[in-house]
Amino acid sequence: MTRVMTKVFAIAAVVICIGTFVTMLIGLINSGYQSLSFEFLFSSPRNFGLEGGIAPILISTSMILVLAILFAVPISMLTAIFLFFRCRCDTVQTRLILTVLELLASIPSIVFGLFGMLFFCDFLHLGFSILSGGLTLALMIFPTLCLTLFASFLTLPNETRMVSESLGLSRLTVARHLLIPHSISGIVAGIVLGVCRCVAETAALIFTSGYSIRQPRSIFDSGRSLSVHIYELAMNVAGGDANANAAALVLLIVLLIINLLIFAIVDRQPNWIRSANH
Amino acid sequence: MKLTNRYRDLTFDVIITVGAYFGIAVLILILILLLGNSFPALSEFGLGEFITESKWNPTNESMPKVGAVAMLACSLMISIGAVAIAFPIGLFYLAFVFLYSPKWMAFLLRRIMELVGGIPSIVFGLWGLITLVPMVNQYYPPGASMLSATLVLALMTLPTIIISVDAALSSCRFDLMLASNALGISKESYFWFIAIPQAKYGMIVGIVLSLTRVIGETMAVVMVSGNVIQIPGSVFDPIRTVTANLALEMGYAADIHRSALFTIALVLMLMIGTLVLTLRWFQPRSFKGE
Amino acid sequence: MTTSPNIFEINNFSASYRDAEALNDVSLNIPRRGIMSIIGPSGCGKSTLLNSLNRITDLTPDFSHRGDVHFDGQNIYQRDFDVVNLRKNVGLIFQKPNPFPFSVYKNLSLPLKEHGMRNRKEIESTVNESMKIVGLLDEVSNIRRRNATELSGGQQQRLCIARTLTLKPKVLLCDEPCSALDPVSGKKIEDLLVRLGKEISVVVVTHNLAQAKRISDCVAFFCMVEGVGKLIEKGDTQKIFNAAQHHMTREYVDGSFG
């Protein structure tokens, strides 16, 4: 009985899962591809995005993304290196920091958005700007990135650690010449997954980087990210569905490219990278 | 000579320690800012009103109400509902991966879930808005409802659950499956009665963590849930969650309204934080990354 | 500084991990020259002793100790002791060869740069000198390109020794340096240790009694007594192998237990 039921349900589950996702994808492609064209990618939106393309939005998105990564990676690196060197001898401190990171990772992105609005936009007087959005996203991906980097550092063989210590190597040298080169593929994978989360994020950006549809001139200008654009078109612009679908398609293609990239770089993602990021 | 070495390490230690405490500083800063901004509303209404009253009408001049119960209840109901739908499906999906699929197919099925896991929530929301809501609308108008929200969230959380449960299951010993086969234990029995109890703990962690993700989800919910603040009479009624309320009202809220919004954000954050801390409290040592 | 004939003076040293004592009340002097073998059955605290001489036990969170260890007249466990300097002077070789995963040259030059050598010529000549001592200079070509992990096991182990030798250590601690290698490579390491023993102090932990007999000048025998590692007997190699005082030592070297 168990055998038959298991088999039936298992096959059903796979069919349901794959089926739903395939239908979803086909639906998106179906309703989006007509609007998708060369012109759509390289022209400015007109009439609230009902006409025209998404060029300035792509630019804003990449600017936000670059800023977020630029801020998040170094600080995550420091935290992860700290955890690596301390996790053996100072369990209390390590546990405290790990717990805090887990708490931060569990904070909903909308709350990060509110925090960004209060801190970057108001308190630091950055206003609705690409910089505020980038900084907010940096904070949002920071905890997960830390945990991923830490997990990849822990794969450094213990012997290497012992030898470097017995030779009296400084921690800076160990980090620079042994730790980072050893875990480079894990680091790259972690960063790329952070990029994916940034590209996908909407809620943290609506109150920080704003809705401006114009071409941003600097990082202090407001700029609309791709996902915010999809949201606006779908929810607040009547008849924006077609272009929302097209923009969603662009977003998916970008993510697919990033994902293929990551598979190329890290041929086999170990379990910890995947589980740390979901 | 030795001085330079020591000096370098000292500088390096200081820098990484600063880095390490950055996270703590951020958490404290978030708490302070949220608490500071919720203070006006908290002092006027008291926390009690937020967590007992279900009417939300902070802009009413004569009788402002800031009850978050309806929204909190909806947040919890659709999240738990979504996980309750996604978990069994995910488990059977994994049963297929572990028991019936050849290597290449298992690899493919896992990769597909990883790819799907990367789909932005806004895309799920868009799909829900354009496809699912009209579909539900045909039978039970208005369509944008608790059901749609739960289904979209279930779909969204499915890859997360599959990936984390997969990680938990992969850590138990499937090489024993053949040995137990020789003893007359079918591989299905092995999966249900030996592997899953072993992986129980990792699975619970995975489920709770995806639950926190789902509670925090905003955009997809805004797009498909109808956004009416009420305790729903049936699953076909429109609802509004805490996160959706934040996204919808923060743009124009002012004064006490704004402060009330920060308060419900704080309540939400504390709720999720408690969940995470409880989980960590019960975690055996080996799960804490030490 | 003292001119004691001993480089290490270990007084009433006890070590434990968490609550389990690994070494109990060891007092041992290690001379400035010559090879000392440490023998004894597994789990009697030999490696623990070696690791605590380099203070690499700092990496183990649950490690604690009593008693003291003097290196060159200084207590290595006192508070402001310069550990980095200790590690420069006390090389540690592990059982498994573990070169760093980069070029042979960088393996040798990295610790040198780390300890303050800046002059390129000087670094190069020191590296060559160490390579020559361990006999790798002729065996391995193109050391700037060649990745150290591509070498054979024996060569890797000799590279590890060379790596510590670049720092001109006063003591070389070896934790079963040959046991992961084939006999020919092991022999090369043995010969190397004998040569080194003429200049500096070499301490070798080994399970191979024949080896201990061949190479060492003096021998210390450790054994478990009631679950705790203890130093049973120490003395000249001849004495330990032919006329040991303690009955446990006699039994061990005769091969009747352990």
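Each chain gets a letter, A, B and C, in the order it is written, and its residues are counted from 1.
To be clear about the criterion, a residue touches a chain if its C-beta (ideal position, glycine included) is under 8 Å from a C-beta of that chain, and two chains touch if they have at least 3 such contacts.
Treat the numbers as computed from the prediction; the structure is a model and nothing was measured.
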Maximum number of contact pairs occurs between chains A-B
Average the CA atoms of each chain to get its centre, and name the chain whose centre is farthest from that of chain C. B
Nearest-to-centre chain - CA centroid comparison: A
Just the number, please: Cα centre separation of chain A and chain B in whole Å. 16
Distance in whole angstrom between the CA centres of chain B and chain C is 53
Compute the distance, rounded to whole Å, between the mean C-alpha positions of chain A and chain C. 48
Please output the residue numbers of chain B that touch at least 2 other chains, ranges allowed. 5
Within chain A, the set of residues that touch 2 or more other chains is 91, 168, 170
Return the residues of chain C touching two or more other chains; collapse runs of consecutive numbers into ranges. 84-85, 88, 114-115
Listed in rising order, chain A residues that touch chain C in their complex are 88-91, 157, 159-170, 173, 177-178, 181-182
Where on chain A does chain B make contact in their complex? 2-3, 6-7, 9-14, 16-18, 20-21, 24, 27-28, 31, 75, 77-79, 81-83, 85-87, 91, 94-104, 106-111, 114-115, 117-119, 123, 139, 142-143, 146-147, 150-151, 154, 168, 170-172, 175, 196, 199-203, 206-207, 227, 230-231, 234-235, 241, 244-245, 248, 251-252, 255-256, 259, 263, 269, 271-272, 274-275, 278
The residues of chain C that touch chain A in their complex are 54, 56, 58-61, 83-88, 91-92, 94, 96, 98, 100-102, 106, 110-111, 114-115, 160, 163-164, 167
Per the touch rule, the chain B residues reaching chain A in their complex are 5, 8-9, 12-13, 15-24, 26-27, 29-30, 33-34, 37, 88-93, 95-96, 99-100, 109, 111-123, 125-127, 129-131, 155, 158-160, 163-164, 167, 170, 186, 188-189, 191-192, 206, 209-210, 212-213, 215-219, 222-223, 243, 246-247, 250-251, 262, 265, 268-269, 272-273, 275-277, 280, 288-290
